[in-house]
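After this come two complexes, each holding chain A, first together with chain B and then together with chain C.
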Partner chain A sequence: MLRSLLIDADKCTGCVQCELACSFENEGLFNPSKSRIRVFTFHQEGRFVPYTCTQCADAWCMQACPVDAISIDADSGAKVVHAAMCVGCKVCTIACPFGTINYNSATGKVIKCDLCGGDPACAKACPTAAIRYVDADQTGFERMRVWAGRTDAGSSATA
Partner chain B sequence: MSWAGKILRVNLTEGRCLTETLNHQWAQAYLGQRGLATKYLVEEIDPGVDPLSPDNKLIMTTGPLTGTMASTGGRYSVVTKSPLTHCVACSNSGGFIGAEMRNAGWDMIIFEGRSAQPVYLYIMNDQAELLSAEAVWGTSVWQTDEWLHNRHQDPMLRIAAVGRSAEAGCLYAAVINDLHRAAGRSGVGTVMASKNLKAVAVRGTEGVGNIKDPAKFMRAVNAAKQVLADNAVTGQGLPTYGTQVLMNIINEIGALPTRNMREVQFEGAQHVSGEAMHEKRATDSKPNLTTNAGCFGCTIACGRISTVDKGHFSVENKPQYWGSSGGLEYEAAWALGPDTGVDDLDALTYVNFVCNEDGFDPISFGSTLAAAIELFKIGAVTTEHTGGQELRFGSAEALVWAVEALVKGEGFGKDLGLGSKRLCEKYGHPELSMTVKGQEFPAYDPRGIQGMGLAYATSNRGACHLRGYTVASEVLGIPEKTDPLVTEGKAGLVKAFQDATAAVDSSGLCLFTTFAWSLEDIAPQVDGACEGEWTAERLQEVGERIWNMERDFNIRAGLSAADDTLPKRLLKEAANSGPAKGRVNDLDVMLPEYYALRGWTSEGIPTDATRQRLGLS
Partner chain C sequence: MHHIVIGAGPAGVTACDTIRDLDPSARITLIGGESEPPYSRMAIPYLLVEDIDEQGTYLRKSESHYSERRIELLQEGVTGVNPQHRSVTLARGDTLVFDRLLIASGATPVKPPIPGIDSPGVHSCWTLADARAIIERAKPGVPVVLIGAGFIGCIILEALVERDVQLTVVEKADRMVPRMLDEVAGSLIKAWCEDRGVTIVTNSGVAGIEKDHGGLTVNLENGDNLPAGLVITAVGVTPNIAFLAGSGLDIDQGVLVNAHLETNQSGIFAAGDVAQARDYSTGGYSVQAIQPTAVEHGRIAASNMVSGESVVHQGSLNMNILDTLGLISASFGQWMGVEGGESSVLLDEARHRYLKLQFDGEYLIGAGCLGHTQHIGVLRGLIRGRVPLGEWKGRLMKDPTRLMEAYLGSVLGVS
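So, the complex of A and B:
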């Protein structure tokens, strides 16, 4: 089963545990500025919004890469940057409409979410389940369940 | 490790920034943050120094777990000699700037001297420079924050700043970071402003590595996170209601100081409680609380993000207060509410916004206003002093007037900036000041919670709930329930809490974890990250060492056992309602036992044997 990250910003408290887990998994140290997932604070609105790569099926970054350094991981479906091949041209960072692939000046390569090989550290670290790793074909399931509950008295419905 | 190993020393007089190696021997003895920075302070300044002179120093400091993934590992402290208490001051804050300091590669920043012109410190990783703050001198923390973000074109810049109250010499000014987190108590912001230092702006992209045993550390971190999630207080109570979960509880047990501590229960408590912050307003159907919020790395997320009703008189025609910002914590809500007799949640929230916007301690402000209202009530302060404003318990208008007067720093507003002790002395009634060592009480009446009386009297930074929170045991039953109305056993309880707290405050973690964690949960996290072997016993000993070091500094600064006391009101005037009705605080029963348990003389001086045992010179 292909799975994907499901983010519910309403549950986010802005604690950045996801950024810490991501950077530790990928960089070996706690460094939010190198995290593939980022939490944005909208102070006046009182909102915290985590954001990361959505793993487009037809990925702009992958299409744009002139040296084929980005490929699909067959198991997780993640679009993965092969650091050894990346030349740091940053064309992918221009191509991505969401800004979720970024240049890392410390290495001269780009970095993006690779779903941690199918076991994303951010989802495991999140204390409020604002980030979950769910069936990629059923990301709307939980929202449907909530709405279904509102149309009937049965708020404890199972599928 | 896991200290960065690097200190930034900023000489403001000469305008120089120098890099130093951290004293690792001291780090092993004092851990970090509160303990380690206080060690630097007591080694480097004369205890008798005028706190607002260039000879005082101000240290911004992180702990070894600051910036790591340990839950709540984002704390930093501001350490200096307090202008309010003349004791050692250490004010702890969350938010994000502490972790940013560590990400930039610094354990600590030591400020010394005084700049001739207003400046701010800009740090980008290992680069640090002093830049002119002329343009923002005389502006609020919020304006300064916006100006710095615009100037450096960097939305990720983390900023700590002082506001207009600090510049005007308010003796309980805070250092505000990330717009609404505060190193709040004891006037650390006043010292910062006295050095013509307006702000510190930090950006760090280096990361925090240097973990002794990463696998072991992460196992300990994950286990401890689970303990927080499973605990009723840290897993449910605090995220839902914040520290404001306490308002109704403390009122019920008759320990909610009311109207300048003349009473112990407030009839309007429910209207300003954590529960009330969830209720929808009649005018716009929105609750006061927008959301809860976590500081860096915190899986509890007790922080309150709130709005004021746009139709409320306090924010009419003031759109800058119409958005969400840092809402009421329990101590602030108490000082601005029950202690002044005001039960208007919107007024309290607005005043709390102003405390953050212009950087001062809402506990000391509310308590000082409460004393002023009592002075007005007995005729010692009149409308001639206030420029026509009447001061009455329960008046939201007076509360709003007072906070705006304080920010302006003129007339009676200047007097309010003196703090309760100096205000009451000025108007001839020192007995009306509810303070210990010059610092105002927080929100627990020691007539209804006996152990807190001893904790307040012996606190190294004056009246404070964060130096020995026996409320945990006496009210909440953590780690085990003790009777709040008895004195037996409280000396030992206070000592244990004081020492453990000093250790937690030195680690980079938040004290609020200790609703769920004991040192047994914290030690494996420190041990996984830090050089050396760290057990709960060792942390307790480090805490005791820190406590005695602070005590020693205060004694050399001129304090004595005579200062380990409470206002007469709490020792002589009995509680007039609730479970503690008829009780005063029996400090005289507890204090001698406490001195003995501490290994101090009957005059409250650490004996040579105690000093030797703790390795204090």
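So, the complex of A and C:
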């Protein structure tokens, strides 16, 4: 059974441990700006929302890549960027309607959540269980996926 | 069912893969006009700076991709299409018969009507063969004149600077990337390039190119004469439609297609840079000639080739992203705004940051940006998803950088 990140924003306290864990796991440094998961702050509402790639089935980034540098990891189901093949053209960063694949100017490549190979550091670091790694069909990403579907230029004709 | 796909670029290759995914038994023939494995023109700038080798430009990396998927790859020109006989004529004279045909023949660089344009040492930068010729000539210190500072010109610009040539860019319009970004952004990019030692001449065309002893001289309309060891032209591309003359296919700027990406001839479809298809923003039919649209067309056309009129093309969103010597710019949809619309602007000239959002009522309809690279895909999500912004409209008018919050707030109801 594929697993994916389940984010419960109501439990998030904005401590950004997830950002630190992600950037350390993937970039070897504690720099939230290099994190693939970001916590967005809603000052007026006093809320924090952690947000990262939903590993969506449409895989806009993978489809848009001109050099086949993004593929699906057979074990985790994550869409993974192969840095050696990525030329840094950034087309995926405008194709992803969620804004969750981003250019890293330090390497000249793009980065996105790859579920840490099936053991995501953000989920382990979260002290309030706002981020959990669970069976895929439990996730609250469904609503976002509905909106993603509207981004598609093709839609099935109704019979 | 025999599917023939003309054109081995992103639209054609995506279509073949999609046909195979949907129909394991179909016969698929992919015809490419160049003697290379299918490759991406978008990767050529990275080949010029030797970040990658030629294999790094290939659309599919596995050598056996096409044979494994039983896609028969022909490297051959196509000289004609006959819808009545359901046939395609190849350059070597024989014909192939199809049940479904996809025209994904792409585009060719426009050759500017300048005296001397055919001189040796004048190249476009479009094919792998062009790239090899440019690599041969663009050596450190060589004076190079790049004609055209549009999207393609700007993409090559960076590669040429990295090759340490002595570069002059000549653009007829009043600014760089005139069809992708507004005056503010175009002027900021120009200043950025000039700060990095590139000479940019705007508001001037090229009057002629002359052969000099051992080199070339580029005569500008403003009276300047520039010595050049290499001249590169990048003044735009035009759909490859010449081979369709007399075929009976409806052709305007490109091959006209309906909501199923089918031409006026049943069973014949078009996709990518050659197709004049629906634009999401305007509702009109235009040739977009961008990678994401080519792939989108290829996928949708293939579905309809296999399963009848099953997928409706709702229109593709025009968008571009450009890296000019490290200054990254992007534009989406109606970046120039619409009548009766509103815009929200943030400009920080000193830091080369610029963000302009265009609204129509409570909807985001376009955007242009400079120096913003994080989460910019959400601009596509907000525009293409036609997300009603509600109270976030007012917040974005005050602070356009809160895009991601606006998306999460509007879509997930966090607010």
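Just so it is clear, the second predicted complex is superposed on the first by the 139 of 159 C-alpha atoms of A that agree within 3 Å, B and C clash if a C-alpha of one lies under 4 Å from a C-alpha of the other, contacts with A are read in each partner's own complex, and residues count from 1 in each chain.
We adopt the following convention: a contact is a pair of C-beta atoms (placed from the backbone, for glycine too) under 8 Å apart; a residue touches a chain by one contact, two chains touch by 3 or more.
Just so we're clear, the structure is a prediction, and the values are computed from it rather than from any experiment.
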According to the stated criteria, A:L2 is in contact with first (chain B), second (chain C), both, or neither; which is it? neither
May I ask you to decide whether A:A129 touches chain B, chain C, both, or neither, giving the answer as first, second, both or neither? neither
Could you tell me if A:Q44 is touching chain B, chain C, both of them or neither one (first, second, both, neither)? both
Have a look at where A:F98 lands relative to chain B and chain C in the superposition and call it first, second, both or neither. second
Quick check for you: in the superposed arrangement, does A:P66 touch first (chain B), second (chain C), both or neither? second
Max touched-residue count on chain A (chain B vs chain C) belongs to chain C
Chain A positions within both the chain B interface and the chain C interface are 44-45, 47
Inside the complex, what are the residues of chain A that reach chain B? 13-17, 20-21, 23-24, 27-34, 43-48, 125, 127-128
Chain C contact footprint on chain A (complex, rising order): 9, 38, 40-42, 44-45, 47, 49, 51, 60, 63-64, 66-68, 85, 87-103, 105, 108, 143-144, 147-148, 150-157
Residue positions on chain B within touch of chain A in the complex are 67-69, 71, 99, 103, 156, 179, 204-211, 214, 218, 225, 229, 239, 290-299, 301, 303, 305-307, 323-325
Can you list the residues on chain C that touch chain A in the complex? 10, 14, 40, 42-43, 46, 51-52, 56-61, 280, 291-293, 295-296, 299-300, 303, 309-317, 319-321, 323, 326, 328, 330, 332, 373-381, 384-387, 403-405, 407-409, 411-412, 414-415
